[in-house]
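Letters are used for the chains, namely A, B and C, taken in the order the chains are written, and counting of residues starts over at 1 for each.
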Amino acid sequence: MHNPQLNKNGELQHLLTIEGLPKANILHILDTASSFVSIGDREVKKVPLMRGKSVFNLFFENSTRTRTTFEIASKRLSADVINLNIAASSSSKGESLLDTIDNLSAMHADMFVVRHAQSGAPYLIAKHLNDTQQSHVHVVNAGDGRHAHPTQGLLDMYTIRHYKKDFSNLTVAIVGDILHSRVARSDIHALTTLGVPEVRAVGPRTLLPSGLEQMGVRVYTDIHQGLKDVDVIIMLRLQNERMSGALLPSAQEFFKSYGLTPERLALAKPDAIVMHPGPMNRGVEIDSAVADGTHAVILSQVTFGIAVRMAVMSILAGN
Amino acid sequence: MTQVYPELDAEALYRALAQQVKAGLAHAENLAIVGIHSGGAWLAERLAAELQLNERLGFIDVSFYRDDYAEKGLRADVKPTQIPFDVEGAAILLVDDVLYTGRTTRAAINELFDYGRPARILLAALIDRGERELPIAADFVATSITMPAGQSLILERAEDGRFSLTVEHA
Amino acid sequence: MNIHIRNGRLIDPANGIDAQQDLYIVGDRIAGIGQASAGFAADRTIDADGMIVAPGLVDLSARLREPGYEYKATLESEMQAAVQGGVTSLVCPPDTDPVLDEPGLVEMLKHRARSLNQAHVYPLGALTAGLKGQALTEMAELTDAGCIAFSQAEAPIVDTTVLLRAMQYAQTFGFSVWLRPQDPHVGRSGVAHSGPVASRLGLSGVSPMSETLALYTIFELVRATGARVHLCRMSTAAGLELVRAAKKEGLPVTCDVGAHHVHLTEIDIGFFDSNARLTPPLRGQRDRDAIRQALLDGTIDAICSDHTPVDDDEKLLPFGEASAGATGLELLLSLALKWSEEARDQAALPRALAKITSDAARVAGLAAGRLSVGSAADVCVFDPQARWTVAAGALASQGKHTPFLGYELTGQVRTTIVAGHIAYQR
């Protein structure tokens, strides 16, 4: 099956998922990102790479944070950014996803940054653009349902590389609601592709999807065993809906069994780093002492996130 | 396919360039040196050491400022730009190995201006091979040559630091 | 009209015939096999050289989308698709709009179908009013109007007592109940088989338990009521084990499988191809292997097309939002042949054809799917070697979506005869 992310020259045309992305492509993105990190320290926080290009942020699912970082990334590349909060616009009047895309393409969009509640939505868009001879328009998946959040996966890898240098001897634990997490899936694919020897998923049975072993992950339901001697802890956000879906009894009980406290952090390696895609629920998945402590690199993730997104967009736009 | 031009002794050319630069910048104030990756960066490193300007040494990668991005995309090996001094008001010696169309120099100048407003920029190049496509001129040049289109001149640095020049055919 | 079909290879699984034999039709009946009836003079001769002459196909599930869903498809287009697919008898589920729970609606549907003079249409009546799972329908009246059995289509009954009563009531009159084995809660919000593919793609899963939990309940109710139950669209290995055991126990149950599930698995979802969005979902390889084994050992009685036309507006959507279903009437023959081809010595052609003719007819209690002298002249003449590509232009159905789009399949209908009338000629 033709990988819809790649054009016929094998170059990245869209970024839809990390799954199936060759290791070389991932490293290229990370290497390029390191050049973008320092731009935020300059007088003129811009490079002219995407000057005159129009980037449309299509957010069918609300997210001020992710949309803002993409907006900053686009603007630092000198692109023009148009934000579309679709819930409030024509979609709610019944316009189909593809009709919305066609209308925006008619306004000469160069790039769509798409967040959607349905897994696979960006694929539908990418396929439609290819089918309608608009393959010069690029799609960046900013999160689709539970499936993927590739830029988050990439910035998480950038963060790990920044602090740990070498992927080949790390143990990484991902903790929390893996079942519903696109961040977890993207992190898993990135970690396994980059050669991390041990990737662990930690959570209650109700929040662990089937088939994790086939993705190269060791499953733990006991946080103490799951965190033992790990180098990197990625805490996932727990959403309120999980309580109403009979998946968990309460946030307190979740914290009791799976919350990252200083005592549990001590089970990991002494120089372990703590990551979180944000926004954090203090006292639910993570203790404030840990969130504000020296092991947490959560704010670095945000900074790196802008650079990684700049790298992704500039690589795509140039292909 | 490469061949070494016997007439182009990179080390000799460097010494000639360094002499010009020292003479020309003897009374410069707020001087800083910025080398364009990769060849220019190596030359800048040596010049900075000789001029005792190691704290005022920077490196620039022009990948984000090139004018051929639309056709060629982003290069695979972008290196980080590092400007550890304040560009504002500085006299910057921009260093490149080969000056050709002038487009790389333009990109480097644009990039420097995004860091601040320099007092002035001077250009030093080991080799000027002519065929300018923009009105750019070097202030210090070790030698001028002509080469057929389709060939390029690459500066290399050996493990012991010695420079050499090789010709590459497209 | 008198029709003489000559030079064909006649395969009639019901009567165990597989031989070069001519077929003679007088009026709406088969008058002779191998040799003409006395005084036969052909008005029309069909040369079936290189062709197979088989009973017209019997499809246990084809949605015609009338009444109510005419924007998806109409009787005209779907009945045309049926005869182009060689289907001469089809059973349609009651989930139309309005639901087929009133004798008047059934009569109208049958009348409309008859007037098109194409395949015979046998509607399933709704088991409960509006398919809501609360009140029983007038099963006797509906049977008089033409319903051959009763079904809940895709709407499982939540209150088990109602299902119990419905089965008791049906059993009173000897009516059959056709049920999709799916739990009313487990897996209801799922869109793909619960497994590694759904996990990777982030799609909500339908556990095999959705099928097995329902089967346990259904079999228990069959034991209690003695009602005859036909299970629609089996999909899991575990479920088939339960059916196998139930049949061995002697329970009056039969089951079918959708033609797509004989061949495809969850992997065929590929990059979120909504053409592969089906219900039940395409399951794992082991499930598909179990389906094929169950076809061979008779656990599965029939293959149906599960023809469900879905229009572009409902398919060109993200996977989880797309409507489930695929067009199937025109693929049923090819897909059955494909199974036969792949199962090699174990499923020779007559065996595969039985699953879409005589065995299917037996399940539905229809006098169809056979070429006996005196039986209805419903015949399908097809070219077993012809290759065709599944594409929108090749399909008469208004439903242009199937996971087989772009595939090249073997087996193409040349002539379809219904009640002695040539309903389709390629």
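We take it that a residue touches a chain if its C-beta (ideal position, glycine included) is under 8 Å from a C-beta of that chain, and two chains touch if they have at least 3 such contacts.
The model shown is predicted, which means the values in this text are computed figures rather than measured ones.
Peer 1: Per-chain C-alpha centres versus the global one: which chain is nearest?
Peer 2: A
Peer 1: Name whichever of A-B and A-C has more C-beta pairs touching across its two chains.
Peer 2: Taking the two pairs in turn, the one with more contacts turns out to be A-C.
Peer 1: Can you give the whole-Å distance between the Cα centres of chain B and chain C?
Peer 2: 75
Peer 1: What whole-number Å value describes the gap between the mean CA coordinates of chain A and chain C?
Peer 2: Each chain's C-alpha centroid was found; their separation is 44 Å.
Peer 1: With chain centres taken as the means of their Cα atoms, state the distance from chain A to chain B in Å.
Peer 2: Chain centroid spacing, chain A to chain B, equals 39 Å.
Peer 1: Where in chain C do residues touch at least two different other chains?
Peer 2: Residues of chain C never touch two or more of the other chains.
Peer 1: Provide the residue numbers of chain A that touch chain B in the complex, in ascending order.
Peer 2: 11, 28, 31-32, 34-35, 37-38, 42-44, 46-49, 314-315, 318-319
Peer 1: For the complex, which residues does chain C have touching chain A?
Peer 2: Within the complex, chain C contacts chain A at residues 194-205, 270-272, 274, 313, 316-321.
Peer 1: Going by the contact rule set out above, which residues of chain A touch chain C in the complex?
Peer 2: It comes out as residues 1, 3-4, 19, 96-98, 116, 118-121, 123-124, 127-128, 144-148, 182, 185, 209-212, 214-215.
Peer 1: If we count contacts the way the header does, which residues on chain B are in touch with chain A in the complex?
Peer 2: Spelled out, the residues of chain B in touch with chain A are 61, 63-65, 69-70, 72-74, 76-82, 87-88, 110-111, 113-116.
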